[in-house]
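Look for chain A in each of the two complexes below; its partner is chain B in the first and chain C in the second.
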Partner chain A sequence: MQFEDLIDTQPLWLNEEGLSNEIVLSSRIRLARNLEGYRFPTRAREKELEDVSELVKDAVTKSPYFANGLSFKTKHLSQLDIEFVRERHLLSTKKRIVDCVVGKGEIVSVLINEEDHIRIQCLASGLNIKAVYPVIFKIDEILSSNLTYAFRNDFGYLTSCPTNVGTGMRVSCLLHLPGLVLTKEINKLLDDVMSRGFSVRGLYGEGSEIEGNFFQLSNQITLGIDEEEIATKTEKEIRNVIDLERETRDKLMREAGERVEDKIWRSYGILKNARMLSQEEFVNLSSAVRLGIGIGLIDNTYLKLLNYLLLYTAPAHLQKMKGKIMDADTRDIERANYVREVLKRT
Partner chain B sequence: MQFEDLIDTQPLWLNEEGLSNEIVLSSRIRLARNLEGYRFPTRAREKELEDVSELVKDAVTKSPYFANGLSFKTKHLSQLDIEFVRERHLLSTKKRIVDCVVGKGEIVSVLINEEDHIRIQCLASGLNIKAVYPVIFKIDEILSSNLTYAFRNDFGYLTSCPTNVGTGMRVSCLLHLPGLVLTKEINKLLDDVMSRGFSVRGLYGEGSEIEGNFFQLSNQITLGIDEEEIATKTEKEIRNVIDLERETRDKLMREAGERVEDKIWRSYGILKNARMLSQEEFVNLSSAVRLGIGIGLIDNTYLKLLNYLLLYTAPAHLQKMKGKIMDADTRDIERANYVREVLKRT
Partner chain C sequence: MLCNICHIKEATLHYTVVMGDTSTTMYICEDCAKNKGLLPASGLPIFRLLLNDANMDLVCNRCGLTFKEFAKTLKFGCSGCYDVFGKDIKSFLEKLQGSPVHKGKSLEKVNIETLEKRKKIIELKKALKKAIAKEAYETASKIRDELAKLENAV
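== the complex of A and B ==
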């Protein structure tokens, strides 16, 4: 697979067949690992980083999950391509020079020399932590048998940032919570969630804004607790949020059904007809339509299209598809055209 | 014809076949007349008004334009029905106790004992003053040969309000001017129009707000000028406004085409999908769609439906159709339902 083929292949974790997919967009686990005897990427010299990269890539190729995959270095990418891989959640920062190895379908990937020497990531559609868990630890097993991890019996895995020390594991789900937002119950919920040791971020990870009622919920604690317990506790917390969101949607429809239906159908009408759409507006309108699908107002076949569009209407994706750099106004026009074209497929 | 049949028959002047119908909704002439020897309605006793009413109705029935028509007294109408006939432009005030005689299709009507003893009104679709003119003067001729008008050789026809003295004639067109509004050129134009002796009002006549970019343009001067000259000058002024609106639309599409198209298609999408619509929002959204039809973006078959909806989504029409009194929220829901139902007919 070549880098330029990425744009033409939809990540498999974006298909809509996961559990509780009316609320959970995707599940993700990532492990942070570092090599014994090498400085963390923030402090290492270039030669050291190159050595790390060679070692890790050699180890990664031993895993069948990366057969027919793709490998690229961000320093060889244009600004547009860096933005493009960020939009695909393959990269979470613009800053570092990193290597990325991606398995077919983008279910698994390994980032080399980002914040840590190694970041292993595995994704699945919907609420599916149980499916992700064995995959990521199989990859970890292959890597650990070919590399010497920085590990202390008292601490566990050592990581560049102390918040990851221990298991180096973060379990997260991308949740769509319009009911809790519309009823203004979200802030109390987020406070509760955080007080129980979980953290909440926006659609594009750390530092990103809460857009379109999307929230990434993940474990905060990585130390003094084993991997299975992190996965179990995080999934329990997420199931609790899902239940609350479902109850809130029912309550909302009982108490303000007409207003909610009106908001949903207007959003649908605008998506199907607008000639200019900013990304922010697309995300917000599609959030309302997503709620409409969730409560059974709008046909379920739209969910797959909205998931696809959530990625492919992002600025770099739009520009890669059109094969040219476009200013914001032109992107808004092309975005609206593309949304209309895709929504006609139902 | 019975009063209760009105709701089921669309006024003929609302069909979309008039000239310049992409800008001119309707043309109207009204004549104000009073009977010699009777005090103006504002000052007359009840018995006097009843005598006037009998005399005028007798005279009106002699005109073939009122065959198979309808006659009603507002004092026998409910508040809802009074609002209903106001929405149909048969009555312009809520205040007086008046008689109304309406010809078939609501092209012609005579109001008795409103501001003047007699107000004759004739309407046509689009720019069609030339068609209205002979009809209204044929009715005036029949009435004048059966009644004694209050008339002075020096003044002309005497009227209750001095602004109507002379010809008692007002020629008006209902114009849709979104181009001039969007480009903010409307205020200068209105100033010019008024400085040339014309007046401008909103959709529902005197005292009503400018809604949905609709303007009623009419002659201000009725004295010292003959009827044909009033008609000719007013039509010339209106043709001038139409030309300016067309030029402005062309300019707007050249300079901000995407934004205007976006506004039009969003409005279309909302009308087709909303579940709650206030009257004000309907008028404004349909104004944008009307512009879309005018510039050829949206199929012309919608024009007839929008004209129909402009009347039938008004509060009293909605309630008459549903056969019950409804609060504002319920009307907004029924209005949205009705708009979707009617727009599906294309």
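== the complex of A and C ==
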């Protein structure tokens, strides 16, 4: 796989399969690890980071999940390409110079020298923490037997930030919660969820804004609890939120059905006909259509297209697809054109 | 709600500390806030509130990180920091994570010998590249033999 192949393939975790996919876009587990004997990335010298990078890349190639994969350094990427991988959830921070190794289908990836030496990530579409769990730990095992991890019995896996120490494990799902937002019950839910040890972020993770009614829900606690418990408890919390969202949507349709239907169909109409669409507008309108699909108003076959568009209308993706840098207005025109074109594919 | 620090006066202020994906809230009365230098907003790192029973003079002997620096950024410099600051951060970890002790998967004790071998392998690989670049093929061959021995041993 080459870097330039990425734009031509849709990541497997973005397809429309997966449980509860009308509410859960994707599931993810991330493990943070560091090597013994090398300073952590925020304090290490360049030479140390190079050594770490070589050691880790070598170990990663020993995992079959990364056969025919792709490896790149953000140092060698253009600003556009860095934005591109960020849009694909392969990278979350723009700040550090990192190495990234991606497995086929972009289901698994390893980031080297971000905040920790190693960040292993595994994604699946829909609610599927159960499928991701064994995969991420298989990779962890291979890395562990080829590297010397920094670990202490009482602290567990050592991390740069104490918020990750212990299991170094973060389990999260991307949830679409328009019902709770429209009924203004979302704030109460967020308070409840946070009081139980879970955190909520926007579409692109830490530091990102809430867009399109998407919420990333993840565990906060990584220490004093074992890995299976984290996965189980987080899944339980997410299922509660899914149930609540479904109940809220039912209530919403009972009490304001016509208004909601109108909003959904108007959004659908604009997406199918607009000549200019900003990213913000696209994300908001597609959220309404996504709700329409979720409540059975709009045909389910649209979900696949919406998921595809969610990624490919993002600014860097759009520009890479069209093969040129575009200013905001041009992007808005191209975005609208592309959306009209794709929505004809049903 | 009583002040989290003096437990006597009523808390009139609350500070929510957000670190990465975690947040924790402390409720404080005006006097304690003043004593801690939080009034007026002095830019004092709020994390010090959570570390108030720690020894600020500690320094990590492996990477040079001082506890004061750690208190500002809440980022460790290396695994050695955990050995040096360990005792002092246990109560902090409890406040942050609800527990100071790891209960998840465990790893065999860090094998220092293996670690040293792995570091040597990296050095040899670099030396090999240099030797080949210089066309010093005899040296390169010797390095390759040494590498093979080490890689088998690890």
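Criterion: the second predicted complex is superposed on the first by the 346 of 346 C-alpha atoms of A that agree within 3 Å, B and C clash if a C-alpha of one lies under 4 Å from a C-alpha of the other, contacts with A are read in each partner's own complex, and residues count from 1 in each chain.
Here, a contact is a pair of C-beta atoms (placed from the backbone, for glycine too) under 8 Å apart; a residue touches a chain by one contact, two chains touch by 3 or more.
Just so you know, these numbers come straight off a predicted model, no measurement behind them.
When both complexes are overlaid on chain A, the residue A:90 reaches neither chain B nor chain C. Shared-chain residue A:333: touches chain B; no touch with chain C.
Here chain B and chain C are compared by how many residues of chain A each touches, and C touches more. Of the two partner chains placed by the overlay, only chain B lies in contact with A:272; chain C stays clear of it. In the superposed model, A:262 lies in contact with chain B only, and not with chain C. When the two complexes are superposed on chain A, none of the residues of chain A touches both chain B and chain C.
Contact residues on chain A toward chain C in their complex (touch as defined above): 34, 36-40, 42-43, 51, 54-55, 115, 144, 147-167, 169-170, 194, 197, 199, 201, 206, 218, 220-227.
The touching residues of chain B, when paired with chain A in their complex, are 258-259, 261-262, 265-266, 268-276, 329, 333, 336.
Taken in their complex, chain C has these residues touching chain A: 19-23, 62-63, 65, 73-79, 82-83, 86, 89, 92-93, 96-107, 110-111, 114-115, 118-119, 122, 125.
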